[in-house]
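What follows is a set of notes on a single structure, which appears directly below.
Each chain gets a letter, A, B, C and D, in the order it is written, and its residues are counted from 1.
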Amino acid sequence: MTENGTAVTTSSNSRNVRIEWGDCDPAGIIFYPRYFEIFDSSTAMLFERALGMTKFQMFKTLEFAGFPLVRTRARFLKPTRFGDDVLVESKIACGRSSFDVEHRLSLRGETCAECSEKRVWVVRDADGRLKSHAVPEAVLAKFRG
Amino acid sequence: MTENGTAVTTSSNSRNVRIEWGDCDPAGIIFYPRYFEIFDSSTAMLFERALGMTKFQMFKTLEFAGFPLVRTRARFLKPTRFGDDVLVESKIACGRSSFDVEHRLSLRGETCAECSEKRVWVVRDADGRLKSHAVPEAVLAKFRG
Amino acid sequence: MTENGTAVTTSSNSRNVRIEWGDCDPAGIIFYPRYFEIFDSSTAMLFERALGMTKFQMFKTLEFAGFPLVRTRARFLKPTRFGDDVLVESKIACGRSSFDVEHRLSLRGETCAECSEKRVWVVRDADGRLKSHAVPEAVLAKFRG
Amino acid sequence: MTENGTAVTTSSNSRNVRIEWGDCDPAGIIFYPRYFEIFDSSTAMLFERALGMTKFQMFKTLEFAGFPLVRTRARFLKPTRFGDDVLVESKIACGRSSFDVEHRLSLRGETCAECSEKRVWVVRDADGRLKSHAVPEAVLAKFRG
């Protein structure tokens, strides 16, 4: 159950990511905003896996204008470097109108970074403005598998 | 006159840009894709200066969906580093449906990078697809000053 | 006093930042990893203001290899868009070997994003590896003003 | 033979790249500086394939401080979008102190972008400054296969 009493469905995914030269800073280690780019793509991949469609297709077929971040928290335990092939393991818990996502980025079994995200489902209102909205039941059903 | 016989109007702009730590790579110098981000912003600034509105306002008030790049060419003469305050001088020549933009990025008077761009004015067709379009006369008039 | 009993010195800075087209995503709002790039530059600016030298000069003149992030936390309250000129207000509290930084990003007085960072001072050990180190007294003295 | 009479050795590589949400701009298409990030990684991959080591390992084992770009030229023929899985085919021709690299990025067989690069091999001089240098014979031998 979530904080507001909604049954939660969870799903997970893992993928390999190469840390690139251009992701790294003059200290030779990853520039940490690049981690958030990696985590954002991992979150998109969770939806793609569960729904069987890309985020682009979600825009075409669902009442959907994105799943923007409301808050995030991250810890950086060990730096990574260009040429490192890291593993990103991600897990999502879906509530009625928001999602909790956890990412763990590791190198050869050692955790390098951890991140948690709170995201909301948004749609466009009549004026084209983004507003939070309940997650469509069809989407929740997919996450339930 | 342009290659296709159209009278051309030109406009210019210059701005100072700080090269940031996160723009630089493990060699300690700017990662060159960051130059293209800087040049793209400088091109937007040329339009903002000429039209008296931001690119965001252009979307609201003009038949306009962007000025995407068709081709570019750049030379990198001297590297720049985090903490460098560089000068970016930009010049635009507007034809009927395309723009030629030249950027020169310099540090203390020495040219570090040069770039030229060919861009087109695009609008959305009935299906929402981007297509090239003649530059509105009102826009050309603004560039003529 | 900090959690571990060290007297803390604080310093602050504010700067204006233009949100650029290339910072924004297909929803038309800023792609949130760009906020972390902005905050990282604001943190560097806090040091530059206090020490009277750029981060580049810090590498040249101090026993210093960076001030990497150990953990961060951010909240995103209202989206910003290309063309927005936002204000970033930053505040640093320096302990003996770590820093707590707070950023507030606002548009026309309304808070859009908030971020807190824990960073450490690092140096290179004999093998060239990054390791945490006490902040030099000369640096702390500058923050004390 | 190159322009300066040196026998040239060539090598090629291709890889699949997912265009991500965060690579795209408010027009919904890739923000073109991201193409240069992709091409830079593809060039690094050409070296990794030929030499059997990552760029990080090149720094450790060779007299090497990077292969910075001297000039580049690119054409953008069709836009790509988030969720597109593109193919990047790259080809390198190695001269005595410089490299010519060609990239072709395509989607379902259609060319979307083309790029050519001129890069040089650089080392650090006694003062730590980057300077151009002949490519080590051992490296050229690897490219000759």
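We take it that a residue touches a chain if its C-beta (ideal position, glycine included) is under 8 Å from a C-beta of that chain, and two chains touch if they have at least 3 such contacts.
Since we're looking at a predicted model, the values are computed, not measured.
Enquirer: Identify the chain pair with more contacting C-beta pairs: A-D or A-C.
Expert: A-C is joined by more C-beta pairs in contact.
Enquirer: Pick from C-D, A-C or A-B: which pair repeats the contacts of B-D, with over half of them the same residue pairs?
Expert: A-C
Enquirer: Distance-wise, how many Å sit between the C-alpha centres of chain A and chain B, to the nearest whole number?
Expert: Going by mean C-alpha positions, chain A sits 33 Å from chain B.
Enquirer: For chain A and chain D, let me know how many angstrom lie between their CA-based centres, rounded off.
Expert: 30
Enquirer: Distance between chain A and chain C based on Cα centroids, please, to the nearest Å.
Expert: The mean C-alpha positions of chain A and chain C differ by 24 Å.
Enquirer: Pull out every residue in chain B that's touching 2 or more other chains.
Expert: 21-22, 25-27, 31, 33, 37, 40, 82
Enquirer: Flag every residue of chain B that touches chain D in the complex, lowest number first.
Expert: 25-27, 29, 31-34, 36-37, 40, 59, 65-66, 68-76, 79, 130
Enquirer: Within their complex, state which residues of chain C touch chain B.
Expert: Going through chain C, the ones touching chain B are 18, 20-22, 37, 40-41, 44, 54-57, 81-84.
Enquirer: Which stretch or stretches of chain A touch chain B in the complex?
Expert: It is residues 21-22, 24-28, 31, 33, 82 of chain A that touch chain B.
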